[in-house]
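For reference, chains read A, B, C and D in written order, and residue numbers begin at 1 within each chain.
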């Protein structure tokens, strides 16, 4: 594996990419997944370094190169990331082609949410699991039954993986005599293969589950211990329980140490603290920034099955990326006219994909650029250029096709392809990589050139591959409409509509409504 | 020409798998028995309200357009794998294709063919398309009865009937079973009145209605004023032989409910449930929002029957002292995912079924137990659209690994 | 065909009209009922106290039948259900089989559970069939309208009824009635439980359970409610007056057994069929049929 | 309303019920309440509520269940059993609970009477000359009791306690 092809003219000039760096992968997060990813990558001829955080446990025989330290800073683009790591002894600077965030989840205890003090007989679920795993024993009670109370999905919803943990803890407990486990819960998360059957098994073994719709159980503590008071949900009776042990599940989330990577992606405030927007546009482990991959908790995935899939998906993603060639024709990638650029850095702040860097002047990485055109429109100097897609036949004959339908190639274009020709007879379709490439000025130009109506069809909020491309487009349509209004034109001749590839009817509806509004012009 | 992978099933899993393989430089042929690609997802509505609800249904369009453009993917609709034999390490597949079709460029939607066709459902408009299709399974010609009534009456000459199947023999190095799932058949639950009681429909039917547009256009006459969803119909139900959670139904129903609430704010919505399963990242907030305008009742109804005026009445016990009998205009049975027999022709040692009846896979999740045969998507177990795509990516990685190894002669 | 007739406790003492009409109609349709003098209680009344006692009591009858190598036809739904359940358990569960046989041994009996138990309706349905019955009808009951009542143990538990009738949308009794030429009405409380099971525990609750059906059938204009179980009869016929009195609802719903209806259609007289033992006389029905 | 203390209940009780013939399904219950919605008794008499009885048994409320009079109110219609997705077979569970009650708590007098009749005559009703004459008149063969078998078959009852609060129980 020789790494990716890096023949971009400016990459050669500006970044002076090192071939050996491009096939190196930095994996953040030890745990078992980090090491496993390193192994799988190794089989595909990628060398990895696994970064352990200073407090993370070190495996005995790691099958990968391991560094223990903290990331101070990351910069650069796919194939050429510069990473500054602070270890216990010094600060290192290294180059990597790809970065994989595979840290274990951050666990937030719920014990405080119950307004009780953490004491000896109170555990977080993950602690209790470790306690039993390491041979920890339950308190002996010769005279009576021991009662153990689990709290799950209360005070914040819980993940399927936590129910799996709870069930595996119950598996261990079941061997004990005269022990009665109770589970206080809201919704049991059984959406994983075999989990509902295991839940049934534990009911059969005698575990009692209380499901609360409202009125969570209340825990009172005094010197004698804790008393749980609640209204039994099925009986409606007041009940109390003095448990010997209480175990609380935790809130899972991404680790805090993703910050240096989030800083690399200007659109990240929209989806932080995760590395991946929750959008079906981002399948598998891809993030908006090329070359950065999010595994498991860093993209909001916690269950073991999906985590295992993520381990493999990283390799697929890196292989795909290493085969990708930059579009040098210029058709699908933005480029900066350095003569016009005044270094305001608007483009840098706004590129949703983190594709723009600054080394003495703004440069666009052709592999990272998704051609959304957000920068093109937002550049106050008009210094950035990107051309519309050329693969949709459209006439420039404004007279015969006086309605302009501006569509995003990822949604509106597919929807438009499903619309009957009759409805589109007087509609010119203009396809863009992203509605984010629509500017108020261009909309006004259509009217200047004789358009009777213009519809901009962008993705629904949350479904835009450029995170906020369609939101910007909608806002710009608003500006343009305002200007039209002030200029004495009917602003209703211009409209933004949200669309998905499978909602041609919303486009048809928008066209029909527009036609009825403008028929007298 | 030899393809590297034969993908059986052209649903979201098969298509995304083909795309991932294509990106990795691996060629594939997708065999789909329906006259169009897309499987179940092609009937699913976009559930976006003002914002995307992340149902993933539009992913299909995305993958369809990508796969159509990909050079190393062959798409075969109206096709079935007739025989499959081992040939050394490779497989030999005989594919039967009967591509009777209505040429959409010529068709002017006059409807004459629909009127004269002797078999109901043999000519049909799918929910997602304004074009007319010929069902391979129902068209008389497919059972050997010569019939060309539609072709003769069509004034446009748009009907192209293919009476005999075309046989295509291909050799492939690997096989991916992407045959998906079957929805649970709610007629087994007689208590729920489907399809006896008017107004009782399945979640798939509702999805399809919303995809087409609205309730009126779906021959419902009127827009309902109240709709109830019954969760876990055929899921978590050892009595029906399904001792597992179907995983997707909570997400589907809550998204459908929110979509309906968005389009028709006056419709009253109720969801009967056992446990609400997490289905997205901001689940707590989604659930809170949903609970603010949807009535959630933790109860499994005992019965749905028709009241005097023909509306569905749901009998349940919500936790009060007495049982409730609630009238709705429409009751949606949120049917679970049950295994579909992939009908793999030929026998391959090692293939197995898991505890729940889906195609078994080993620890890596996609190896079906016989060298070179893989399983992906809902054929392996209940999965959402995005989980199907993730599984397809996983399958792509394992297929690549397998092909790399066999090529090296390991 | 030949089969053993299982009468149970109640029918031969309290519902002679059911027994006599069943015997007559069976004979007319070519079914030979054989009596076994030793048959005793089916065991159902013991189930609450001790399930095992119930099982051996039922098993005794089943073992007697197995010795004859003949199927059982029971007239009472509860008997049929109990015998069927125990036969099924003994057949499918070796542990139970052994336990039961240990207790049967002192009586010189042994049970493998292979004996087939059917109620009379199922026997008619499966052996004669709707068409067979329709063909045998000599006096079609035109103009007669009847309300069927199946009874819980006729249909449930459904796992014991596989291949017979659906507990949710039953049709066998309706079809059997239709075959006589009578018209069947469908009514909302068709599947209601009669309440007979707890008459001994709480008459008040039992009566409250029976009232809706009686009211609906009475209002429907049906000439009679058609039963196939003496337990249900206790409620719908035996308790009818009391129910009417306690609820203040005017109830006068004639209650007949299906074999009585069938007998009329086969040309038998109401006298032969024991109609004079019916406590609420189906006058209109008999007038239409016999003039 | 006094609080019920879970620590004082009997966690063993659910296992005891499940060990009875027919009681096996009890612990599979996950509280969907379909049984109560299908029960014809519950709307008439609130004391009889399948989901509550299951729940009480699961929580170990042994005394409250076994000594209650409501457990005898099941009509054995199988309505609950047919709708249970978890195959709890509640009608059979009720029998299991009643069997336990009969063993260690109380039996309604009516049932005891039925049992003695059965043991004495082999049937629920004594068959005398009057009955057989009536049968003969209508052309039916006589019924002959075979009580001797039942003396062997049914052991003598050991526990017979008065429920003490049998207001709802009466002989039919």
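The criterion applied here is as follows: a residue touches a chain if its C-beta (ideal position, glycine included) is under 8 Å from a C-beta of that chain, and two chains touch if they have at least 3 such contacts.
All values derive from a computational prediction rather than experimental measurement.
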Ask   = Steps needed, at minimum, to get from chain B to chain D via touching chains?
value = 1
Key: Most central chain, judged by mean C-alpha position against the global CA mean   = B
Key: Between B-C and C-D, the pair joined by more C-beta contacts   = C-D
Query = Can you give the whole-Å distance between the Cα centres of chain A and chain C?
reply = 65
Query = So what's the Cα centroid distance for chain C and chain D, whole Å?
reply = 22
Remark   = For the pair chain B and chain C, the C-alpha centroid-to-centroid distance in angstrom is 46
Note = Per the C-alpha centroid definition, the whole-Å distance linking chain A and chain B comes out as 26
Remark   = Residue numbers in chain D touching two or more further chains are 28, 30, 33, 51, 79, 82, 86
Ask   = In chain C, what residues contact two or more other chains?
value = 167
Multi-partner residues of chain B (at least 2 other chains) = 191, 236, 238, 298, 319
Pairwise chain contacts under the document criterion = A-B, A-D, B-C, B-D, C-D
Key: Complex contact set, residues of chain C against chain B   = 166-169
Query = So in the complex, which bits of chain B are touching chain D?
reply = 191, 232, 236-240, 274, 298-303, 315-319, 321-323
Key: Touch list for chain A against partner chain B, complex   = 43, 156-160, 187-197, 200, 211, 213, 233-234, 236, 274, 278-280, 283-284, 300, 305-306, 308-310, 312-313, 315-316, 319-320, 323, 410-411, 414-415, 418, 420, 459-463, 498, 500-503, 505
Query = Along chain D, where are the residues that touch chain A in the complex?
reply = 1-7, 11, 14-15, 27-31, 33, 51-52, 55-56, 58-59, 86
Query = Can you list the residues on chain B that touch chain A in the complex?
reply = 16, 20, 23-25, 44-46, 48, 50-62, 64-65, 128-130, 211, 213, 236, 238, 243-245, 247, 250, 275-284, 287, 296, 298, 319, 354-356, 364-365, 381-382, 385-387, 389-391, 393-394, 396-398, 400-401
